[in-house]
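Okay, got some structures for you below.
Both complexes shown next keep chain A, but they swap its partner, so chain B is in the first and chain C is in the second.
== the complex of A and B ==
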């Protein structure tokens, strides 16, 4: 998703101004249907396999469900009314967004400085460290979350370490708590933040910092007046990705949070596969999808408008 | 010049430690000689790696994952190459909308796609089949492949194609002998990124996989939900070793940063 936000504008930017050696853009077209024909297989695939299932999910969310009758083919908005009226669902959605917000904040707080430090490193170290930071993105999220379950639970290494350092007197409960889910999710998602800030740092010429230093600016001033304004768009687009992924995360909250600590995604899963109330599960899914799209599209618009000159 | 101070370096070391800790602990616990979860304090043992062999369902899920990744990324590439060429080099009505549609799976939470596909596949009779898994994976990995191919075909010098055409090459020959070799790095890395994304997918797949056809991450996830034992640590450790090996090769051949940041160095 990160990649969508940041590279999209780049791809469009390169497409808009043709490179110097490319032929002039106006060339005779033999056949105006070529681009449609070329994208036809993809369009057909996406129409049948993406749009139809999503529309069907929306329709399913309008159906009603009873334990004896199963799914009934009626059209009503009762499920939405149920969710809006029930404080249990409020709690789950509120928890989901609270976790996502804290995770986003932590990722920005740790990921952005790390990207800056990485850029200032010298050649052999930089490549190695970048590999360590980005590598976890390729490792299955189940394996990574299992690692946190082991650290928090059975071996209790985190608590042993904290107590040995004298930071805490009694063990903290991490498993099945929000704290645990937040730590594990930050671990899973922080590489996206580093990537996003890293991409925006690529456009920052290190000589500009040197120029500011040579003109008498202190390191703090350079950071505040030169570096930060350049990487804020990177932090913001990274935050959009991290927030969206954290709000819809499933495997990590399911393993660390367990059945007790539900978030929107695990709630939808339980309604679908355990309670078998498909219409209600579909309703949760539709709400999650709408929230996600509104946040991604809305924030992207805002960021791009505010930092237009940086993106161009 | 620009150097990191001691505070920055301490932060950096702590940050890397945070990233590595859970991965290292999985690998460490996998080598325990005990029958329960523990660090291998009394010598290393391979008994839990041998135990994987007694659980054929993990081996079968691994094979299914590999096959699923290979088939779905190949299909995604076959669809993405012509689409990327259309978007990168033609100005036409609806171009932006088509591109947005192809990238839209990135915006849809995988849990939503899982629910949508479960319902859809059950209705059209593809529920729990390998074909259903392939089709759903093509949809979610296509954006990753498309973006890399798009970057490769936008940056390409079109004068070479014009030269080929003016020398009498047909459009098919032109594509096969000129265009395809030029965008091949983008296509290859698109395939790899698509494969990785398919291989690691768990949230959507958990809805549409059946006990007969399932993937390794889903098998692991369902197992962990019931109980955590050194066996899952061993399976995870194998998965981590394989990923790291693939990553090192990938970094040598293509550059990990380039693959993940999604733009060419040139």
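== the complex of A and C ==
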């Protein structure tokens, strides 16, 4: 459209040339709707697939439900009051965000060094190792999680191995425990952290590390004072992605945590499909979304304010 | 014993030899310039001295010690990187202070030294600014301050002034020269700017395709280039093909219809004669004959282009009122034998 605009003004300029008292060139007329028109298909998709279901979920969460009468089309906030009053829901939400926080921490602890080491590797190995790291993303979440379940079951490889080595007497419980869910989720989500840190490492000038070395800094000091501060934005944006995905993860907690260890996503699922209390399930979903958005936007603000000076 | 010795230093990238058997000795307190076209291996040489690239062969001795055996952070060199390599997350002052912190200099001394260094490069106002908010020239000066503040005994400067305006560049050149003179810092300076190399250096090293072509004082390299590459690279020159042979009074080189005595012993065969445009004059006899193709007035001087049997020649004459030939006139040109350099024919002459 800018092309069209410039051609317009050229035409005007040549037309105005012969006259000696040429009026000041008029700004070419712009049709103000073009940007909206161009983004219309995307906006339509967004509205139909995301906004409408979201609004409908929200409206559903305001309905009431009785065991005999089913869903009643009334508008009230009783579901929200129920959840806020009930300590069972507190526990589930607390667990969800505790798991998400620990997974985020573990992903940062493993993912950031992993990305750094990967970048340091030489050509053929780097590609291979990157593939291995990103591997979990290429495998279906269900088969990957089932693999974990097999590995971690009381007769699974890990427990059998540890017992054979005499390190433990009875099998460690991984299935239906938070530990199991955290390990599996970390495995699934660490690639996002690696990719995010990788992107910020890409912007790192290797000569900057050399400069620090030449000024007398040892390798550890270079790491702490020069490399780490520069990849913190990558770690933080990776953390936001991992946190959001961990807090709303369904398949992994469903298979490893089962019905015994519920998180917000599996709780909503159960309300929808087992209890058939759709309004309550919708309320859980809406609360999960709100909590997620609040936490992520809050963190993002913090990061932006902290690093505005350095990276713009 | 020389202070810094490069002994047959070699670096290959795949099957490309970036630095090829470079040997060089640098005395303590000397300022030596590496000159050469882009990609000739100047940065690579510095990076090997600094320890950021592993040499494929050769040795580097500093003050009698094997430098290649030391880790980069134990070499204690000051380096200005071609890409500046500032720490983007630190302010200018923090960048400059980093090396002092690593040397565990007390806070008060450190602050004073940082302030002095920033003042030296004319950035005293910019201490708390981050590199991304500085211009290229300002960043380059921070890099210079960061390397100078640790008072290294050997300073490696990879085009440290390339991004400065003429005035600032001149000031920094004087400053570098002063530090070299008063502190006795040994400096290796990489530069694209020939006049900078000529003005600053005790000796210049001309490189091409990873090899050293000549090591000499600036004047010697200019007046007596070792080969055709150096003659062409340093300033404008006329390169005339000729035949070297033994004459009655010693070795001579024959260029078209003229014969010139050769001072140094040389094998007979094809050779080349290099002579600077400003060293050529118009003579009555005993020179090379040709025709004036064009003459251009340049204010203080006249530029002539002369067609001879040995090729076209560039001649510069001062505009001092003396009579000069007109265009299309038949002329004869000559020069003092001290002002010419004779070298073997060089296929690599670029």
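We take it that the second predicted complex is superposed on the first by the 266 of 312 C-alpha atoms of A that agree within 3 Å, B and C clash if a C-alpha of one lies under 4 Å from a C-alpha of the other, contacts with A are read in each partner's own complex, and residues count from 1 in each chain.
Throughout what follows, contacts are C-beta pairs under 8 Å (C-beta built on N, C-alpha and C of every residue); 3 or more make two chains touch, one makes a residue touch a chain.
Source: prediction; values computed, not measured.
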**Prompt:** Is the number of chain A residues in contact higher for chain B or for chain C?
**Reply:** B
**Message:** By the touch definition at the top of the document, which applies to A:281: first (chain B), second (chain C), both, or neither?
**Reply:** first
**Request:** Please indicate which partner A:229 is in contact with in the superposed arrangement: first for chain B, second for chain C, both, or neither.
**Result:** second
**Prompt:** Touching A:130 in the superposition: chain B (first), chain C (second), both, neither?
**Reply:** first
**Prompt:** Between chain B (first) and chain C (second), which, if any, makes contact with A:210: first, second, both or neither?
**Reply:** both
**Message:** Quick check for you: in the superposed arrangement, does A:218 touch first (chain B), second (chain C), both or neither?
**Reply:** second
**Item:** Residues of chain A contacting chain B in one complex and chain C in the other
**Value:** 210
**Complete:** In the complex, the residues of chain C that touch chain A are 47, 50-52, 71-79, 81, 83, 85-89, 98-99, 102-103, 130, 132, 146, 150
**Prompt:** Which chain A residues qualify as touching chain B in the complex?
**Reply:** 1, 3-4, 6-8, 10-11, 14-15, 19, 21-23, 25, 29, 32, 34-36, 38-39, 41-43, 45-46, 49-50, 52-54, 56-57, 60, 110, 113-114, 117-118, 120-121, 127, 129-151, 153-155, 157, 184, 187, 190-191, 195, 198-199, 206, 209-210, 244, 247-248, 250-251, 254-255, 265, 268-269, 272-273, 278, 281-282, 285-286, 288-289, 292-293, 296-297
**Message:** Quick check: in the complex, which residue numbers of chain A touch chain C?
**Reply:** 205, 207-208, 210-219, 221, 225-226, 229-230, 309-312
**Residues on chain B engaged by chain A in the complex (per definition of touch)** = 1-4, 8-9, 11-12, 15-16, 18-26, 29, 36-39, 78-80, 82-83, 85-88, 90-92, 95, 98, 101-113, 115-120, 123, 135-136, 138-139, 142-144, 147, 150-151, 154-155, 157-159, 162, 196, 199-200, 202-203, 206-207, 216-217, 220-221, 224-225, 228, 232-233, 236, 239-240, 243-244, 246-248, 251, 256-257, 260-263
